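Each of the next two complexes has subunit A plus one more chain, namely subunit B in the first and subunit C in the second.
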Partner chain A sequence: MIDNIIHAAFVMTTPILLAALGGLVNRIAGIVNIGLDSMMLAGALAGLMVASLTGSWPAALLAAAFVGGFLGLLMSLTVTRLAANEIIVGLGFNIAVAGLVRFFLKSWYGTSGTLSLADVAMLPRIHIPVVANIPVLGAILSDHDPLTWAAWLLVPVSAWFLARTRLGLRLRAAGAAPHAARALGLNPLSLRDASTVFAGMMAGLAGAYLCIGVVGIFNEGITAGRGFLALAAFYFGRNRPWATALGALLFGLFDAIQIRLQGRGLPAELVQTLPYVMVIVILTLVAITVKRARNKGA
Partner chain B sequence: MSAVASSARAAPGIGWRDIALAIAPLVLALIVAAVVLGIAGHNPLEVYWLLLKESFGGTKRVAATVAASTPLILTGLATAVAFRTGVFNVGVEGSLLVGGLAAAFVGFTYVDLPAALLLPLALGAAVVAGTLWMLVPAVLKARLDVDEVVTTLMLNFIAVSFTAWLVNGPLLAPGSANSATPMVVEAARLPKLMPPSTLNAGFLIAVALLVLYWLWGRGTALGLETRLAGLNPRFAIASGINVPMLIVKMMLLSGAIGGLAGGIQALGTVNRFVVGFSPGYGFTGIAVALLGRGSAIGIFLAALLFGALATSGATIQLFSDVPIEIVNILQGTVMIFAVARFSWLLKNRRGGK
Partner chain C sequence: MSTAETLPDASIRLGAQGVTRRFGELVANDRITFRAMRGTIHAIVGGNGAGKSTLMRILQGMDRPDEGMVVVDGVPTVFLGPADAFSRGIGMVHQEFMLVPGLTLLENLVLAHEPTEGLGRIDRKAALEAARKLEREAGVTLDWDTPVDDAPVHVRQIVEILRLLYRGADVLILDEPTAVLAPAQVQELIVLLRKLRAEGRTILFISHKLDEVMALADEITVIRAGQVIGTMTTADTTKAALAEMMIGEILSKPSARPSSVGRPVLEIRELAALDARRSLRLKELDLDVRAGEIVGIAGVAGNGQDEIIAAVTGLGHIERGRIVLDGKDVTKLDLRDRRELGLSYLSPDRAVEGLCLTAPISENLIAGRHRSPELSKGGILQKGAIKRHVETLLDRFSVKRTSSALPIASLSGGNQQKVAMARELDGGPKLLLACQPTRGVDIRGIAFIHQCLLDYREAGGAVLVISEELEELIALSDRIVVLYDGRVTGEVARGSAKVEELGRMMLGETRQEIPA
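== the complex of A and B ==
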């Protein structure tokens, strides 16, 4: 029972974590990406189609990342080159892409809402002998797919990348001090575009994970607002990769728990509000701390 | 933020150039949607003509369009009053949901009251609920400078789940399995203006508020203060305006109007509260406010446009094989183009924020 929940929590964490890490890098470079959900949705559909067409899961992941990245590029160019407000553009992308996806499903496949294809290549599970039999540890480490491993590997990698590499430093400069970055001969707008493409690719992978890692079919509601949960995760983690991962894991745990809660007293709907409530509480606590520190300094 | 504040500014003296700029987002969105339609093998002009006919051809169709635009006038107005002050409230959807539920609750609970009392009480409950829903983000923004985009966005999701919990549990209609409250009594329903159309007195309320907004924007001190605070908060503070207090007031007003939108929808059209009560009226309201550039007449026309798309989209799906989602594509792209600036075509001078 407990092993089941732990395993399910990790499964539900992966898509949130992938998109959250993308959104985190994006935000550090200066763009708050509200459109993650749309990129996730498009990635999910592309992933499923290619997984069925080629029978190869790496090809499906590539396609999902490409589609997500392409949408990211479009969104970023609107923000950086057309001086459009990133929040509105993100909301607009969510509405337009959700419409486009459903339009495509109806026009191309003649189906509304759900798409089920033949011969879909699912992500393989990596079974670790011996460890798999250890309680708790086995549930944490064994029988996960490569994308879950990649997502967790990317947590220390992105922490190192942002803190220690030249490009990471430049991205941070593009977000925190665009004028200084420009004075140093960098192009903050292009850096932001690159970070949004990355965020789009990560969100696309997150979508593909839902399709070919968990469910095996596509549904118009497959993301279930996980793009916004990812947003909540990097706000919860205040742009720090490990804290963001912790947020994603918590939200994944809530997700895993609420499915098992149905008909057991604590209503699933109220559990669904927890991630969003937590973000508001965290932001409030941070703001109070900042204000106190400022008052002391004055 | 400044990009929106300035695009929401009503231009003094309207010329051809302003009109061209105002409809540019719509034209661009129509072009994008035309490409999508063309790829899918439809003739875009035929589809647009059909949309136009289905939304304005005949009294019945006009009534349906106006009825569909009623909640959008209000959510557009709710968004506009916040944007005008420079507050980025994207949480009208949440206010609308709790407002709708509050109105429905009064409408099916206090069934013995006469209509003259029950209807105002139910609408009042919607306003109060919508206002209270904005209290937390308003105070957090004004006192602690907590990003209102994030808090109001998060509150939308909280509102969806919270109202879903209420209608699935404590407020579920007895004997009902479909996540809905009981129907409100006849006395709590807004009078229909043109039965059998769902067009109701809520439209008159919406238009009256729009007129008030127009008068308020030009003739009152608060109207000027909000505009100053939206355009240049530092100048507003220097002029002695209490900007934090103004932010609280305007966010609460925005929530109140959003709540009223929900109440009118609950008492005029749906006659109860159900899960999926709003197909995104609050988000469409953002598109309405942006496309209408924050002016009263602009909001009215933009709401009419999206109302027309909503009603005709549903019927063209019946008469042709064009999926209704073309409406969402139009709506999303209008939002995107409404905030995009094309001055870069002339000169690229922006070096990031």
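== the complex of A and C ==
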């Protein structure tokens, strides 16, 4: 029972973590990406289609990353070159992509809402013998797919990347002081574009994970606002990769609990709101703690 | 033409030759010619609006002249952009520093020119080595791992200068570099710049503070209304002569006539207050300011001045003590109530707290008075009445403007400060808390503002001046109270204050009684 919940929590964490790491890099470079959810949704559809078409999960992931990255580029150019407000553009992308996906399903496949395809290549699960039988640890480490491992590997990698590399330093400069960066001969707008493309790719992968890692079909509500949970995760983590991962894990845990609680007499619609309610509760608690610490500190 | 004239004079490192720049009707630079010789410190002085900023933008390639040329190494040149100027070794330290918050000093130093090893990894060792080398050249020591946000302002300025050196500049243009510094730090900067000169670098120093110019520069070019009035070596001129060239006339110094001192308007009792980081910054203060009196507070920044402001205005918390305004205990009242009792407050930070730069001049001028029955009825602003009120005030304080409906950012710093001053003196306050009243204001503006303060005092007003300019405090104050480490280290009456003695008290030495 506990093992099941832990395993499910890690499964539900992966998409949030992927998108959150993308959004984190994006935010550090100076753009708050409200449109993550749209890139997730498009990535989910692209991933499922290519997984069915080619029967290859790496190809599916590649396609999802490409579609997400492309949407990210479009969104970024609108913000950086046309000087549109990033919040409005992000919201616009969420609404527009949802509409386009619905239109595409109807005109291309003649279905509304849900798309189920034949021969979908699902992500493989890596079973680790011996470890799998250890309680708790087995649930944490065994029977996860490559994308989950990649997501967790990306946590230290992105921390290292931002702190220690030239590109990381320049992304931080572009976000914190674009004028100063420009005065030094950097191009903060291009740096921001690059970071949004990265965020789009990560969100695209997150979407594909939901389709070919978890459920195996596409539904227009498949992201269920997880792009916004990702947003909450990197706000929770205050731009630090490990803290962001912790946030993603917390929200993933509540997502897993929510799924467990369904069908136990409580109205499903109410239960489904659990992760989102917890976002509000947790972010409020964090804000209060930070304020307390500040008041107490010397 | 003789060969001597056609050969470029390579000893001229940077200069201008007949540079003219027009903005519509306005001629910001009118045939400006000057030459800064290699390995010297050349000062460009002029009042607000003299055309210094335009010239600087042209000299570092951010703007192009309509006529004339920039001279580099004796050769007339056209810069394509700032990068072009920089490739010729010309770099500028801006008034508002161009450092990136959140990055360490070291990261800021190497940003955009990072030494790297494999995988795009920053070679920290190489970066630190370069930083240490620059430190030695400049004769300073810095903790390079400090985040910029935690570094004091003079350290940031040094980093900005070192960054230009790191990137290969040998001409440094400094725009009003001392505006943000405390007196002791100004001395450090002067030492640093002299050291850089000794190493053969050329420094162009823009300022309107004549003391510093006289102390630092080898040559001085004075500009006024876009034209060069003259260039001279520092040895051949005096502060008074420069001032006259800058403003075109001899200003009579505002003088304080004796005034009758009345009852206490502000009484501060046993005041102690915490700073923004919640450590005890102001430890004990007892102070009276009486009607018809100007009391000045001297001290190096960070010795409790900010906490006095916070306590008197009610904008910050106090640890203990009482504030009495015009006989009434206001310790628990907020700023609005205190203002109604006769407090006025001229903020030290004009751009952020004192004014709303994007709002029209007129709105800035009535801010806080907008509730008065003449200016608004039932929550509706009375346009006609406001306009009359605003124009009268602007005329009285001789604020130069095209229209009071324009954003106040369109005014020069000096005129902005006059607007702030006009607002605070409007409505007959009992006490004026004037903080850094002439920061970023030129000589003529300073004289005007000082005269306003003295007139107000003569009319029976009480003024508490907090300033980092000792000359200003000496000129204005009936009494100067010196603050060090949150306590009063001395008090000096008008006429007996000397800069050196005040300076010693500001560093914590209590006033020596002269033995009989």
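Throughout what follows, the second predicted complex is superposed on the first by the 261 of 298 C-alpha atoms of A that agree within 3 Å, B and C clash if a C-alpha of one lies under 4 Å from a C-alpha of the other, contacts with A are read in each partner's own complex, and residues count from 1 in each chain.
As a convention for this text, contacts are C-beta pairs under 8 Å (C-beta built on N, C-alpha and C of every residue); 3 or more make two chains touch, one makes a residue touch a chain.
None of the values given here were measured: they were computed from a predicted structure.
*Asks:* Considering only the touch criterion stated at the top, classify A:A173 as touching first (subunit B), second (subunit C), both, or neither.
*Replies:* Second partner only.
*Asks:* Is A:G225 contacted by the first partner subunit B, the second partner subunit C, both or neither?
*Replies:* first
*Asks:* Who wins on subunit A residues touched, subunit B or subunit C?
*Replies:* Counting residues of subunit A touched by each partner, the higher count goes to B.
*Asks:* For A:F103, select first, second, both or neither according to whether it touches subunit B, subunit C, the two together, or no partner.
*Replies:* first
*Asks:* For A:S190, is the partner it touches subunit B (first), subunit C (second), both, or none of the two (neither)?
*Replies:* A:S190 contacts neither subunit B nor subunit C.
*Asks:* Please work out whether A:V32 is in contact with subunit B alone, subunit C alone, both, or neither, and reply first, second, both or neither.
*Replies:* first
*Asks:* With the two structures laid over each other on chain A, which partner does A:V277 touch: subunit B (first), subunit C (second), both, or neither?
*Replies:* In the superposition, A:V277 touches subunit B alone.
*Asks:* So, does A:N85 touch the first partner subunit B, the second partner subunit C, both, or neither?
*Replies:* The first partner, subunit B, only.
*Asks:* After lining up the shared chain so the two structures overlap, which partner does A:T111 touch, if you call subunit B first and subunit C second: first, second, both or neither?
*Replies:* The answer is neither, since A:T111 touches no partner chain.
*Asks:* Just to be sure I follow: which residues of subunit A are touched by subunit B in one complex and then by subunit C in the other one?
*Replies:* On subunit A, the overlap between the subunit B and subunit C contacts is residues 179, 181.
*Asks:* In the complex, go through subunit C and note every residue touching subunit A.
*Replies:* Touching subunit A: residues 82-83, 86, 94, 98-103, 107, 111-112, 114, 116, 119-122, 277-279 of subunit C.
*Asks:* For subunit A, which residues are in contact with subunit C within the complex?
*Replies:* Contact set of subunit A toward subunit C: 164-167, 169-170, 172-173, 176-177, 179-181, 183-186, 295, 297-298.
*Asks:* Provide the residue numbers of subunit A that touch subunit B in the complex, in ascending order.
*Replies:* 30, 32, 34, 78, 80-85, 87-89, 91-100, 102-103, 106-107, 174, 178-179, 181-182, 188-189, 192, 225, 228, 231-232, 235, 267, 269-270, 272-273, 276-277, 279-280, 283-284, 287-288, 291
*Asks:* Can you list the subunit B residues touching subunit A in their complex?
*Replies:* 1, 3-4, 36, 40-41, 88, 90, 136, 140, 144-147, 149-151, 153-155, 157-158, 161-162, 164-165, 168-169, 280, 283, 286-287, 290, 323, 325-329, 331-336, 338-344, 348, 350-353
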